Every structure is written in structure tokens, then in C-alpha cells.
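For clarity, chains are labelled A, B, C, D and E in written order, and residue numbers in each chain start from 1.
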Amino acid sequence: MTTTALQVNGIAKRFGALTALRDVTLHVDKGEVLGLIGDNGAGKSTLIKILCGYHRPDAGDIIVDGTPVVLRSVDHARSLGIDTVYQDLALINELSVYHNMFLNRELIRWPLLSNRVMRRRAAEHLKDMGVNIPDVTVEVAKLSGGQRQAIAVARSVYSDARVLLLDEPLAAMGAKEGALILDLIRDLKRRGSVSVIIIAHNYAQVLDVCDRVNLLQHGRITFDKRATDTSLEELTELVVAEYRRPR
Amino acid sequence: MTTTALQVNGIAKRFGALTALRDVTLHVDKGEVLGLIGDNGAGKSTLIKILCGYHRPDAGDIIVDGTPVVLRSVDHARSLGIDTVYQDLALINELSVYHNMFLNRELIRWPLLSNRVMRRRAAEHLKDMGVNIPDVTVEVAKLSGGQRQAIAVARSVYSDARVLLLDEPLAAMGAKEGALILDLIRDLKRRGSVSVIIIAHNYAQVLDVCDRVNLLQHGRITFDKRATDTSLEELTELVVAEYRRPR
Amino acid sequence: SDDKAAASGAIGNFPETPKWKFTFVNHVTTNPFFTPTQYGMEDAATLLGLEKPQWTGSQNSIVAEMVNATNTAISAKVDGLAIAVVDKDAFNAPVNQALDAGIPVVSYNADGARGDPGTNRLAYIGQGLYESGYALGQRALETVTSGDVVAFIATPGALNIQPRIDGCQQAFKDSGKAITFTSVATNADVTKGLSIIDAYAVGHPNLSGMLAVDAGSTSAAGQVAKKYNMRSKGLKVAGGFDLIPETLTGIAEGSLDYTIDQQPYLQGFLPVLYLYFFKISGGLMSPSETNTGLLFVTKDNVGPYQTTKSRYEGSTTDKVLVPRSGPIAHG
Amino acid sequence: MARFADAFLRRREASVLLVALGLMVYFRAVSDVFLTKDNLINIAQATAPTAIVAVGIVLLLVSGEIDLSVGIVAAFAPFLLHFAIDFYNVPALLAFVIALAIAAFIGLINGLIVTKLHVASFVVTLGTFFAVQGLLLITSHAYPVPIPESMKGRFQTWIGAGPWASIIWALIIVAIFHVVLTRTRWGLHTISVGGNPVGATEAGIRASRIKIGNFMITSALGGLVGIMEAARINTIDPNIGGGTTLTFYAISAAVIGGTALAGGSGTVAGAFLGALVLAELQNGFNLIGYSANTIYLILGLAILASMIANQYLSRLRRAGRT
Amino acid sequence: MARFADAFLRRREASVLLVALGLMVYFRAVSDVFLTKDNLINIAQATAPTAIVAVGIVLLLVSGEIDLSVGIVAAFAPFLLHFAIDFYNVPALLAFVIALAIAAFIGLINGLIVTKLHVASFVVTLGTFFAVQGLLLITSHAYPVPIPESMKGRFQTWIGAGPWASIIWALIIVAIFHVVLTRTRWGLHTISVGGNPVGATEAGIRASRIKIGNFMITSALGGLVGIMEAARINTIDPNIGGGTTLTFYAISAAVIGGTALAGGSGTVAGAFLGALVLAELQNGFNLIGYSANTIYLILGLAILASMIANQYLSRLRRAGRT
């Protein structure tokens, strides 16, 4: 039995003339939290969207739990236990908070939706995350930026996924709510079987919660260290270096 | 001559049954950078949208440069020198990067748009912000989260506004790009006449760039100190307190 | 509906009557063909001191809408009904219902299918659509003996004109002559119709006959015949229906040979008269079948149609006395 | 009581319902036969076909698509029934099922071309509109036929000839699909696919399946309406549905009922009320006795007035809650 | 050369243009009169009205609205001209301007109700459609009238009766509005308002002004088309535009040309090509001589085939660039 939950080799992705990913190789072990950092437009979200079955890579292999797979769709990836928080949140403005929270994994008592149960659980989950939403029946269109993000995060974090891909899950979260979500991720890690890839631009948070950090640059992974072996200064230096130099 | 660029007294705003703002009083002086912090859903964005003429307040006064005004529209506020970066960015996915950057303040050589000039300037501005967008003619729909935010920020920062309202302008920005934007804001401050209200959840950044910090809680400003008189710890304690306590 | 609200005064030798209200159910309510019909029905009502009859039904020959309008009129307890029975099965029940409710019903302009009126209406006033189409074909057969003949129809399947083209086709079939007959769809939009006829003419320069069964297509056929000077080439006959200005011009200029006038004015006037007689005589005077006939307008008799505008042809609302002199053409 | 009123006003359909009721009061005031049983039957029969087609249209509009061909499918279906019964001796009920299945198949084709070949549904269904119209005219020779003998009697009465038959069908269908749209996964995914196509796909929803399904439902409902109307008017007419007229009315009913053309939001019950409003207007002004030319002017102004009132009411409603 | 081909393929309109050219080649192959001058005039005359109305429809669709009433405004405008000239002795050119102004005024009403009273444009323009139809039928007595004497001669020729008159107008209008949509503030704001209504308002764009303007442009263009067509067919017919037919064709042309019904994206030049494709199909098959019932089937299948080809071509195009 392998300890690698997800492994990718030589992933490449082009959008017309633009090459977003050249040759990405990375892996995340069972129960590990991997931090993925990089400049804006480095290709982090593109990589995540490949791993969750949304984009098809132009080259490269994806290996889930030791078996090579071709991800046909988001649904397919999900059936393999891979779940995602997208940077754009993937919320349906027209639906209520709790329907968004259970989107495509609705609780049903055939043929109807179990709205009552979903409502209750949605309220519980949001409370756990410290996010104050008076009424889970309102449309998400009316919520604040942070409230919206909380819903997207709750949707995945409370699924029973074995690999979680979190694309900037804390970008819009307040200090308190952000801390609570990090606690939640730590909880998941502690329970062992969930692997997480988390993208964040706040390196303090990255070092706080991640076991290992990868840097994506020029379409490749150029840096791979355990969190304990690096520091805020090193990461900042690494990323900001290019800009400080000519300045 | 007054030194207060923007002053609001007793602002209230209700959305149906929900009271987002109860009684907000704050001010920002000429050449001052005010940090506005608060929980998710505290009403920060609502306040900004009132100050920029997008929402009409239910009660309260707005005083610009010493004269009380009723903001009729975003256009009106803009004519008074108030410019905004919205949390939702207000980008038009169908338009190119440079058209978005100059949206509603297009450069024209009547009757046509001066596309060439706008293209050149857009590329310059983005370069100044350290954001790498190979081609300013692509549709913004295709950009990464950080690239999109950079465009929204550039749109306002490079306008000749006298009051800038920035709603989480760094949320999606990378470490390097974020640092550059903060530099830009410092530049504006140094030049003197521009006042800034900036919302952010990253308190280190807030303390780094702001002159003064306000905390919005329960629809009111409950904290108002000079940045030099407070600390990361105090702010974090203040916000996270509520949550740590019951834990 | 309100028999008590009697008319202010009696008309002629007739007794004072309530202001009876009749309803006309039509299949193409806004079609110019029926403009004179509406004048006819209004004029008869004015003459008799009745309320202006209601003109309703469907705009696009949707039978269900006509049935709805008929039922609504029955609910409204109108005093008489005139229905264009464009479908032999659809109106049976509504007509019976009206008769049961004591509302006299006549049909006008269309009366079920050939040999089957389909309803128990008291009488029919008009000339069959199918028969008029047949006449269109027969007249063409006087000059055409062989070759290609095309007939244009704006909206195939529409019940106001489809029977005409079917009748026309039958006439050619019955003649046994070596003629290929093609029906071609034009368009509800007359301007598109013109383009379509134009295209057909360009593609078929050797046509020997060009017919049309609706007003728009007829005038357009004339214009196209003129545009390509087809009369001096192979086109032996061109004709169609109705008397709109451009068609009359075509006849006068010789690009069209004839157009058929179905005397729509009478189809409005007579039903009102008949229903009135039925009501005033307590049902003693039952309406009688009336063939309003066909009138071929040709180069010989087009003059007056062009120079005078009259209510009777629909070209004006003015009340006019159209003078005529000289002998009346006869066989 | 106040709570009940509140719960009512929270519903999106409340304002159109008030408009429909308002029209009833108005027409009753000007014509005392408006609310007689006979006339209510008239209104019911005029409401039903539009309402049923509008159900499908709502599903499609909500999922971000449109179907122009449904009206011509309505005309085609009764002919299919007629062919099956009179040419192939198929029993009436089976023929009915076959006709609906073929109608649904046309929807399937629409759906496949839209989702797999990525052609805009407006042009795809414009294409199938013409193609089916051609088939219809060729096979029917553009001429009506009588109802087949084996359809007469109980079947014809139940399917549409009975005074209340069509409205009962309409109510059942509206009730079912109202539940489908608001309380099932299918409905939720329909809204998602129309509201945020990218987001729905990111969440793993299979947009194609939802859209194809909704095209099939719409076409089948169109077929049903055609057969129902043929039974009611007792003739199989190639012009049932009037080409695009029925589709047009159905879209109007949907939009009046509160469905957005842009996708993501709509209500089936509202579309029913929209159809009712249209039928009331048409019936009421006819009852009063307006003639064709005038009635369009009146009808147009009445539509504008009703919809402005509708908008005003629903703004009042929204102001009362979050 | 390669660069030129590349620049061409980058354009969104490239694929429809290829379809239009493909159809030309096809029809030329089956009928050697297809490319004769006479027939080209015919195609031009069939293209022009649809294309001109489609210009307005594109602007409206891009800004997120629709106008169903434009076809009936087209029928009304020449009657206005006739009333002004024949009843009030207004000189032809002034009457022309008045007719267009009244047409634009109808657009203004549409726009005001849509933007100020927030009623969906589909129902607003359905209302004005009926209302204007009523006005038209009442004032015209549903009967055609000849072209006024003072319009005959040069004015009639220039406005629409000349063989190339209407297509020249169409090309000028398409060129102007193509520039308006792609290279002016008005166009940029039209796209913004339809693409992201909230965002556009946040950016300070006055959505109402843009929308009202586009409604007025559309109605005025509709009026122009009506007068142009009356001049061409040499009669003022209440059936010009065929009720909703013209509108329908114009929307189809816009969608075929690549305009999204959902707003935010569209091309004026594409709509012109869409109108051309429709005119070619209609003309070509009529030239070949398909009979009434068959032609609908052929036309429907041809629309489907062309649009699938179009989609395929534009996917090829997109694959070639970012």
C-alpha cells in the first residue's frame, strides 16, 4: 500500500498560445497538507482544475492512490474522493445558502430534497466556522464576500473527500473566521486520512498549517521543502526576489 | 480650509429585515490612509458602497471636503473625486483587459476610442504593479484571480481620485504583487492629496500602510486608534477575542 | 343581450327592435381581404339600427382560437353568430351549443369541406374557397395548354388559402393536360414573399403560368412578371386573388391577366341582414343559402376599380356613390 | 392570519396572482357573464395549452435555453397519432404513447445538438421548427383530418374534449413540475446550470443531461398539448399551435409569471398564472365585444398596465422582507 | 499572406463568413443562375431589411434586452409617412423624418418602461407590439395604400426601390454600428451593461441611458426598414414585416452571426452575415424550385447543417489562438 494519496507527473497545459503549465510534478501524501505558492498567473488554479477533472491536461499523468487515472469530469474526480474549493467559489447566486452548501451532493428523501436536514446542517457548519449568517435560506447573491467564501469552503470541507484541493480558501475570510478554518483543516489532518493541497498568498498561514510547501514558477515546481525547514523570510525572499532586484 | 477629506455621521442601512449598519461615524483626513477592519458580514463593503454612491443610506450625512452632499450615483461620487475598488471587482468579463482598466473613463479621440493609448498605458500600469499579463487585449474572463484584481485596483489607483475606497484590494494578490500595490499606495500618500480608506483582513498589511485603524462591529465603529499606537497582537486579540473566549 | 334596451327609433317599416349584437368569427381577422366584409357588416348594422357587430376570431387561422372566440360569444349571449367554418369538424359542437342557446348561426366565406358543411348552421353565405381556387385554375387553363405552372401561397396549411391552392391544383389535374403544377410557399411577410417569388422566377425562366392564392403573393407575382418582362417571354397566364392597389396596377399594365374578387362586402352585409330577418320574424324567415359568386377583374373591367375608391372593395372608408354608365357586360 | 398573509406575500407568484385576481374583479364588474360557469370553462380551456407548454419553457429558460419548435411539435403529434391509428391500426392509447415518445425524441435531437455540438438553442430549434413543419406539411398534405374513430368517446373526453379536462391536466402538470423545479435535485441543477454554467460544471453537475432532459420534457409537453387541443376542437389540424404562436404565448406566460429570459430563475406556478392572465385578457375583452383591430390596442395597453402593476406589487412585496 | 489569413481567422465573424461563402459555392454549383446579377440583386434585397433590423437587435441583445415590437413599427412607419404626406400635405422628406422620429419615440417608451418601471423587455415590447398593431390596423383599416405621389421618383428609388438601394443602406448602417459597438464608448458601455449589469453600475455606467438609446435606435431602424420596403414593393401594406416575422428573422440573423441571447456579446457584422446566410438559403432553394411543403424541411435541415458547420469552424478558429 502506498502512502501517496495523489501524484502528478509532467503535467502540461496550454491555452491557445499561452503555456500555463510546462511540466509539473508533485505529490501529496495521505494525511499531509501541501502548501502551493506562486505569483499571480503562475498557473496554480489551472493545476488545481486539472487535478479535479475540470480541465484536461495536454500531457502528464495523474495517479490517485497508486492507480493512474484519466479524470473524465469533476463528477468522476469526486467519485475518486477528490473535492475542490475553487478560487471563483462556484456558487449559484440564485440558490439559497444551504442549497449551495449541498450543491450536487444534496440530501434527498426520494424524490424530494430533504431541505429541513440540509438547512439545519448548513447552519451548524457555518456556526462551526464562526461565520455569522442569520438565515441560511437567503440567496447567496446577497451575502458579503467572506460569507460567500465560507459557504464554498464548508461545502468541500464537510464532504467526506479524501483529497481536498483548496484554492485560496482564506482570501476573503476575516481574521477570526480564517483562524477557525485553519483549525478545521488541522482537525482533518489530525484525523489522518485526508490529504490537502492548499493555495494561499499569506505565507504565515501557509507555514502555520502546511506540512510541506511547493513553489510553482514558470510552469514548474521550483521549490519543495518541509514547512519546518523553511521560514516566512525564505519564502518571501524567494518570491519577492525577482522584484526587489531591479528596484 | 478643512483637513477632513471625507466625513460620515450616523450612517444606517437596512436590507429588508437585516440591519447592516446602525450608526457609523468616521472620517478620513487629507493624505491619510484609514484601515477599516471587521468580521465577515460586519458591513464594511456596505459602508463603502454608500460612500461611493452605489447604495443610498437610510440615515446619516456624508460630508465631502466640508460640504454635505447627497450622492445620487456612482458617477456623481466620482465627479466629487471619490473612486472605488469593489470587493467583487466590477469587471466586465466580455471586455479586454485594457477596456476594463479604463471602463467609464475611456480615453477618446472623438468619436472613437483611443485604443492604442489605452493599451499602452494599461500595459505600463500592470507592469508597475508587478503583474504579469502577456497581452492586455485578452478578455478578463480568461485571467487568474490575482490578475483580475490587479486590473480593478489599477483602474482606481491610476485615476486622479482624491478619495480612494479600496475594498480588500489585496485579497487575491500574490506576495510580490501585494507588496508593490502597498508601495503604490504609500506613493500616493506621500504625494499628499489623496485620502484612502482600505479594507483588509491581513492586519500586518493594515499596520504596514495605514495611518489609523477603525474597527466596524455590530453596525458601529467601536475602535479608532493611530496605527503607531496599536499592534498586530492588539488587533488580532480584539477581533478573535469573541471566538477564543467560548473555546 | 339586453332585450329591454330598445333602439331609439324604428327603421322603415320594421318594428322597434333591441340593439341586437351579432358576432363574426373569422380565421384571419386582420387580412385585407376581409376589410370590405367588415364594412359590409357595419353598413348593414347601421342600416338596421343595430349595434356594430363584433369582428373576432384568430389572426393566423388557428382553429382553437376561433373555437374559443365562438364559445366566448355564446357565453356573452350575443344575438347572432356568423362563422367562417374553415374546418368541418371543429365547429360542430359550438354551433349546436349556440343553436341550443337560441342563437341563430350562419356560416360565411367558408363552409366546412366540399360536400360536408360540418355544422348545423342555418345557411351559408359565400363562395367556397376550394371552388374559387378551382376557378382560378380553370381560367388559367383557357390559355395554358402545357409547360410549368406555379402557384404561390403565403402560408401553407393556413385554412384561408390552403383550400384555394388545393382547388387550383385539382383543376389542373382534372384538365388532363401536360402541365406540371408546383405550389410554392412565400411568406407571411409580403416583402419576403416578393423576394421568394423573384427567386423562383429567376430559377424558372420558362414558366408558362404564374398564379397566386393570396393578396400579397398575387401583387408580387405581377411585379416580378413585370420586372423580368416575362409576359413577352413564355409566360402565358398570370393571375390571383384580391384587389389591393398593386394588383390592380398589374392588371392594368398587363403583367397580370386577372384577379378574382370574391365580393367580400356581401359576405359581411348579407349575414347581418339574414340574422336580422331571423330575429325580427321570430325565426319564420330562415336564412337562405347564398352564393356570393366570383368576379374576374381583367384588363377590360379594371378601370373603375382603379379610378374609384370604395367601401365595397375596401379601399376607403368614405361613403361613396360609384357612378356607372353604359351597357352592362353580359354573356 | 397575518402570518398566512405574510407567507403568501413571500411567494414570488403573489404579485401575478394579485394581477390575475384584479383582472377577474375588473371583468366581472364590466360584464356579469364573466364569472358564469360557461365562461370559466372558456377561460380554463384557453389557459391550459399555454400553461402546459409554458411549464416546459420555464424549465428550458431557467436552464439557459429556449425552444422555438415546441409549437410545431404540438401540431405534429396529433398527426402522428392519426397515422398510427388510421394507417397502422395501433390502439389509441399506445398510439398516444408513441406520439409523445416521438415528440420527446425531437426534444432529444434539439438537446443533443445544443449540448454536444454547442450550437445556440435559438437557431437549433429554429432549424427543427422548419424541418418538423416540412415533415408535418408533407405528411398531412397541409389539410386537416377528423379525429380517428378509436379515439372518440372516453379517451377524447378525458384527454381534452371534456369541459374541464385540459385545465385539470394543466393543473396536474403544473403541480408536478412546480415541485420538480423547487424541491428536487433536477430542479436545483436546472437552476444551477442556467444561473452559473461555469460554477455548476465546477460543482460536478452534468449540464448536458439536465438540458437534454428539459428539451425532452418540453417537446413531450408540446406533443401532449397538440393532442389535447385536437381532441378539444375535434379535428386534427396542421395549424394547431399556429406555427410559433403557441410558443410565443408560452414564453410570454413564463416571462409574465416571473421567469427571466437570461436563465437561472423562474417559477412554474407563475407561468400558469401568466397564462391565466393572458387568457383572461383575451377572453374578457372579447366578451365585452371589442373587434379585432381595436382589441389589439386594448390588449397591448392592458398588458403594459398589468405588468407595471405586477412589478409595483412585487416591489412592495420585496420591500417587506429581506 | 499568412498574416492576413491569420488576422482574418481571428475575427469572430470569420466562421459565418465562411458558411455564407460555402453556401454561395454550393448554390452556384447546383444552379448557374445563382450568381447572375438579377439574382444577386434579389439576394441583396432579401438580406437588407433583416440585416438592418438585426443591427438594432444586436445592440439590444448585447445590452441584455430584446424588442418584439420592431417588426410592427416597420409596418407602421410607412403609414405614418402616408398620413403625413396625403392627409397633412407634409413634404416627403420631412414626412420621412417625422415617421422615423415617431418610430424612435415608440422605442423611447419601450426603454422608459423597461428601465424606469423595471418590467422585463420581453413583455413590455409584447405590449407595445399589440398596441402598435392595434393603432396600425385601426388607422390603416388593415388595407394597403399606394405609395404617395410625392414620394415617387428619386426619393422612392434612393430609399429602397433602386436595385441596390436597400443593400447600400444596410451596408452603411452595418458599418456605422459595427464601429459604434466595437470602437466607441457607447458600444463598450452597451457590452458592459449586458455583460455584468451590477459591475457596470458599480463602475458608474448609466445603464438606463444606454438601454433607452438602444431601444430608440432599434425602433428607428425598424421604421426605416418599413419605409424602405414599402418603397421597394411599391405599396404600403399593413403586412410589411409580417407581424413578428421580421423581428424573428432579425433575431435569428443576430444569433447566427454570433450574438448571445443572454447579453454581453455580439457582433453587428456577424448579424449582417447571418441575414445573408438566411437570404441565401431562402433564395437558393427557391431558385432550385422546391415546392411549398418540402422547402420547409430542406430549409430546416440546411439551417441545422450550416450552424453545425459554423460552430465547427469557429472551434477550429479558437483552437488556433489564445
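Here is the rule we use: contacts are C-beta pairs under 8 Å (C-beta built on N, C-alpha and C of every residue); 3 or more make two chains touch, one makes a residue touch a chain.
Chain-to-protein mapping (UniProt): A, B = ABC transporter; D, E = Autoinducer 2 import system permease protein LsrD.
Worth saying up front: this structure is predicted, and the values here are computed from it rather than measured.
Counting only chains that touch, the fewest steps needed to get from subunit A (ABC transporter) to subunit C is 2.
Counting C-beta pairs in contact across C-D and across A-D shows that the higher total falls to C-D.
Averaged C-alpha coordinates put the centre of subunit B (ABC transporter) at 72 Å from the centre of subunit C. Computed centre separation for the pair subunit A (ABC transporter)/subunit E is 48 angstrom, with centres defined by C-alpha atoms. Computed from the mean C-alpha positions, the centre of subunit B (ABC transporter) lies at a distance of 43 Å from the centre of subunit E.
Averaged C-alpha coordinates give centres for subunit A (ABC transporter) and subunit B (ABC transporter) that are 27 Å from one another. Touching two or more other chains at once are residues 133, 137, 141-142, 292-293, 295-296, 322 of subunit E.
In subunit A (ABC transporter), the residues that touch at least two other chains are 15, 18, 88, 142. Contact of a single residue of subunit C with at least two other chains is seen at positions 30, 59, 156.
For subunit A (ABC transporter) in complex with subunit D, the residues that touch the partner chain are 54, 73-75, 77-78, 84, 86, 88-95, 99, 103-104, 106, 108, 111-113, 115, 135, 138, 142. Across the complex, subunit A (ABC transporter) is touched by residues 15, 18, 37-42, 44-45, 87-88, 130-134, 142-147, 150, 168, 171-180, 201-204, 235-236, 239-240, 242-243 of subunit B (ABC transporter).
Against subunit B (ABC transporter), in their complex, subunit E makes its touches with residues 179, 183-185, 188-189, 191-192, 195-196, 198-206, 264-265, 322. By the touch criterion given at the top, residues 30-32, 34-35, 59, 153, 156, 165, 182-185, 187-192, 194-196, 198-200, 202-205, 215-216, 219-220, 223, 228, 244-246, 249, 314-315, 317 of subunit C touch subunit E in their complex. Here subunit C touches subunit D in the complex through residues 21, 23, 26, 29-30, 38, 52-65, 67-69, 71-78, 87-90, 92-93, 156-159, 162, 166, going by the rule given at the top.
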